[in-house]
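Dropping the structures in below, format is structure tokens.
Next, two complexes with chain A in common: one pairs it with chain B, the other with chain C.
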Partner chain A sequence: MSDTWRIFFLVVMSMLTFQCASVPLEEDFRARWSQTLLTDNESANTEAEIKFGREVAARMLADIDGVENFEIQKYVNTLGNYLAQYSARPDLQFYFWVIESDAINAYAMPGGYIFITSAAYRLLENEAELAGVLAHEIAHVKQKHIVHALDIKAVGAGATLTQLTSGASDAFRVAMNQASEQAVALLKKDGLHQEDEYEADEIGLTIMVQAGYEPDAYLRFLQRVAMVSARQLEEVTQTHPSFASRLTALEAVKRDYGMNNLNYAQLPERFNQFKLE
Partner chain B sequence: MKNMSVLLLGFLLSVVSYAETLYVHSSKAVLLTDRDFSSGTVALLQKGDAVTVLQRQTRWVEVEFNAQQGWVSVLLLKATPPSGIVSVIGSDDVNLEGDARMRASAVATAGATRGLVEEGGAQSMGFDFSELHQLETMVVTDQELDMFSQPVLGGGQ
Partner chain C sequence: MRIKLFFLLSSAFASTLLSADELHNINQIVGDRSIGMAGAYGAVSDDPSGMVYNPAGIAFANAASMSANVNTLQWSQITYKDALQETFDYQRSAYQVLPNFFGVVQPFGDVMVGFSSAIVDSNQEKQDQVFDNLQGIERFTVNFHNIDTIYNVGPTVARKFSQKLAIGFSLPLHYRSSEYISNQSVVFEESNSDNLRWTNVYKKISEQGVRPKLGVLVVPIEKLSIGLTVDKTLVLNARQSRQASQCYTNDTDIGCSDQQNPSIEKTTLKPNYPIQVRVAGAWFPNSALLVSADFIHNSAVSSTTAFPGKEATYDAAVGLEWYWSPRWALRSGAYTSMANTPELNDLATNQSAHVDRYGATVSVARFSQGSSISLGVIGLYGQGKSQLFGSIPGLLQKTTSIDVNVFFTTSYRY
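Presenting the complex of A and B:
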């Protein structure tokens, strides 16, 4: 073999090695992450996602009113939008709203509409804990968990989300109505896939850390919630994995990402200025 | 022999040009020295910055930016440049790009001109668009976000 061919062979081999290095090394759950990177350029669907989210949010608000305290709503909305800057969804305007409910829960609707209940809010002790809850919901929006869980194509008999939200025909309007009804059922009764909840915990934790909040605060909040009366937890235990398994998974996330001993912000004083009586 | 050299040169150039580019999609992204949030900071990337991928792992990507190398969370990067905010609020679907103050003003105007009931009278069918419009008027400006972030990034306890 001549020197030239030898060099050519080495170059080809090194290129193949380079290509292999860019392939994700782990499978299953890991593949979901690589998909996030590779296929998340679907900006054409953003308008449909927002329209659908508005329908779901308006349906939720028909049953539950927002807390009538402008300062608290403004504070929560500002914190949420601050966190959303780290969600890598610059195509969305996020909205955060505290709603009156005895159930301890928070809800993420497509398109960036996020609600937290007054009961959950009352249980918080500092801003980092609130950041953890909102970041978890932002992660659901980022990953489009509800849209994926509903399998819109099935709901609309072959229709896409864009067609459903177009209202182009009575059939689409009926299908859209059904889809938003099913979304509310998912949020309040049936829950998302368990793996979506673990993923939202993991992504939420990275969002709050990137934004500068202490990750342990979120774990402490989940521990506190787990101690609350079963009646107030009925909805969240029905729709989420157990607190024990979530906390175990979160500890692993903290370890894997090097999030231990970060000593980031918790801001109890600022949060106390916006306590809900 | 000369032809072979040309072929080899072309091949080498194609390898160089293969370098994958990703774009920062969060407002800021810390370029870290290692795959670990407790590691040191190399640089602070801004939304829209283009980085060259050196290697990709499960949750992290090693990148080069302005001749500096480091690791960024895979969650903050995408293959296409970030777009502006998409809005459907108003009479027709609107694409609003630019700063948050403009968006706030446009949203408030849209809310004011639209009235409190969504077209089609959906409110009577188990929807409350009037409260939805109320929350949609609460848009936060870039200046408010900057002020809000100061105690957080200062590590306030």
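Presenting the complex of A and C:
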């Protein structure tokens, strides 16, 4: 036997002997200090996003009540969290809430806070349509559209979202108030960038399909909304691109992603159990 | 003196020079962290460069990632003491810019898969030299062009069986491409009866094969990792062609007094490569410090009619990585690159150079979220003996080699 093979077998036997020893390993000792950059920044950013979203949600709810139907709220929450699994944001706990409002709209706040109005909910005909609306809002959260639209750095004179939410000084607390006010204005009046809405439609549609829902249901819902009275649509037309252009873009998404004729679930019967009177 | 000069001007002169680099088994050091740690990486290997040092290590990579040596600037110089007319030193230098590693790893179910491309050995010499101060010679011109590169390109798969054991296997393709052109011309002084001597040698080598590599990584006690890697290059196809021509003129003969017309000699004999066994240990006392050491044994290779044999070598590398903040780290190391040729003796002829080399590395790495860049330098110094004029026993040249590599590497995890 050559020296090479003697060395090889000697080392293998030694290693296997070591391996047999039962040593509990509790931590990843290989992790280097530089890796804390990744986890620290990510968790700090997520925490700030949640805090900011909570602030905006609280401001929204200041003059709006939630629908007092526990079963419906639970149903919407369950469905929303099921869809959120496909959002690639496992760092967030999503909350879904049906709020009392005559306006047909839905709102996505940073950090996973999502509202759908009672008027919009009443217009739904099946679970797939509800999934489409919620998925669209989840996409806004996923892409952090509000945070980007507010250009937080500009609001706080160079401040980051983390600094704003930390409330480290009076200046930051004032800036935080301003930012959350602007966020509410974006949601109810000014609207996001048009391209953000198209992007949310596209991502929302893919989330729907991944979750097993019929994508055409969302398009049918938008068509139905487009025919509702102008008074109920004042807010949504102010904050969103036209229904016609959205529907055209959605048809293109369906074609590009091969989503035509999928024949996925619509579940009208289950939805009807949670109809809002 | 005339006899020695004659051999100096023959094709034997260049062919015995130290080249890249059949005379050593440790050549290019590749990777991102690994290059800064002098290649002492067999027990770390938890990123794409692990595919070169220990394929089992990538099973411990905690995310999909990629790394690359964006560039290494390599300069080398070798000096043969008193080589010319036993009076003048003969010095050659080479310079190349070599991006010598790219690798990517990604989880795939229970296993980690990766793909790497590494240049494990390379030399590029493009040299023209003129000597006009030799005794009896008006002008001696050497034009030399040598490109010799070995690539290892292929996949790796590794599986972690527990937090204490991983096994990995690489199967890179081995591809060697070498092209060697040497032109030498001597114009003698008028007082000399010889007028002109001109020689030309062209050599081309191509090899294809595989380099299967098996790696094991175990964690016997917390914060200590032990690695073992075994590999061997298997050449499946080889082609070598060589042609030489020469013409010597003098005062009395018409045309060439001594002439060799170009004729192509070809062979498809396959060279044999050594088995390499790498045993490594790494100690991770805390997240800011890492100390590692590798011992690398290359087996002896018997000589054949077409290829010279190689002696067994025992090399070592030690490395250190120290973070002084989450954003900055210092890496350094030292390693050996021992000659796989026998010591030269005064009685033998046609002996290959024997130069043992010792290297040191230092680099600084800067980290941001998910990515890093490093800048560093490798210095390699060797001393030994050569026999440039192979047919003259006892005429040996003290040989000194110096290599300096500046490298820039980067990595990204996603």
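Please note the rule applied: the second predicted complex is superposed on the first by the 233 of 277 C-alpha atoms of A that agree within 3 Å, B and C clash if a C-alpha of one lies under 4 Å from a C-alpha of the other, contacts with A are read in each partner's own complex, and residues count from 1 in each chain.
By definition in this document, a residue touches a chain if its C-beta (ideal position, glycine included) is under 8 Å from a C-beta of that chain, and two chains touch if they have at least 3 such contacts.
Keep in mind that this is a model prediction, so the values were computed, not measured.
Engineer: Is A:I203 contacted by the first partner chain B, the second partner chain C, both or neither?
Structural biologist: First partner only.
Engineer: Who touches more of chain A, chain B or chain C?
Structural biologist: Looking at chain A, the partner in contact with more of its residues is B.
Engineer: Using the superposition on chain A described above, determine whether A:R59 touches chain B (first), chain C (second), both, or neither.
Structural biologist: In the superposition, A:R59 contacts chain B only.
Engineer: Of the partners chain B and chain C, which touch A:E251 in the superposed model: first, second, both, neither?
Structural biologist: Once the two structures are laid over each other on A, A:E251 reaches no partner at all.
Engineer: Scan A:D190 for contacts with chain B and chain C and give back first, second, both or neither.
Structural biologist: Neither: A:D190 stays clear of chain B and chain C.
Engineer: Does chain B (first) or chain C (second) touch A:A211, or do both, or does neither?
Structural biologist: first
Engineer: For A:E100 in the superposed arrangement: first (chain B), second (chain C), both or neither?
Structural biologist: After superposing on A, A:E100 lies clear of both chain B and chain C.
Engineer: List the residues of chain A that touch chain B in one complex and chain C in the other.
Structural biologist: The answer is residues 4, 7-8, 11-12, 15, 18, 21, 24-26, 30, 33-34, 36-38, 41 of chain A.
Engineer: Would you tell me which residues of chain B are touching chain A in their complex?
Structural biologist: Residue list for chain B touching chain A: 1, 4-5, 7-8, 11-12, 15, 18, 20, 22, 25-30, 34-39, 47, 53, 55-59, 73-80, 82-88, 93, 103, 107, 118, 122-123, 125-129, 131-132, 134-136, 138-140, 144-145, 148-149, 151-157.
Engineer: In their shared complex, at which residues does chain A touch chain C?
Structural biologist: On the chain A side, the touching residues are 2-4, 7-8, 11-12, 15, 18-19, 21, 23-26, 28-38, 41-42.
Engineer: Would you pull the chain C residues touching chain A in the complex into a rising list?
Structural biologist: Within the complex, chain C contacts chain A at residues 44, 46, 60, 62, 163-165, 216, 218-223, 225-226, 228, 230, 275, 277, 279, 284, 287-288, 290, 297, 299, 312, 321, 323, 325-327, 329, 365, 367-370, 372, 413.
Engineer: Considering the complex alone, what residue numbers of chain A touch chain B?
Structural biologist: Of all residues in chain A, those touching chain B are 4-5, 7-8, 11-12, 14-15, 18, 21-22, 24-26, 30, 33-34, 36-38, 40-41, 43, 46-47, 50-51, 54-55, 57-59, 61-62, 65-66, 73-74, 77-79, 81-82, 85-93, 95, 97, 127, 142, 177, 203, 206-207, 209-213, 256-267, 269-270.
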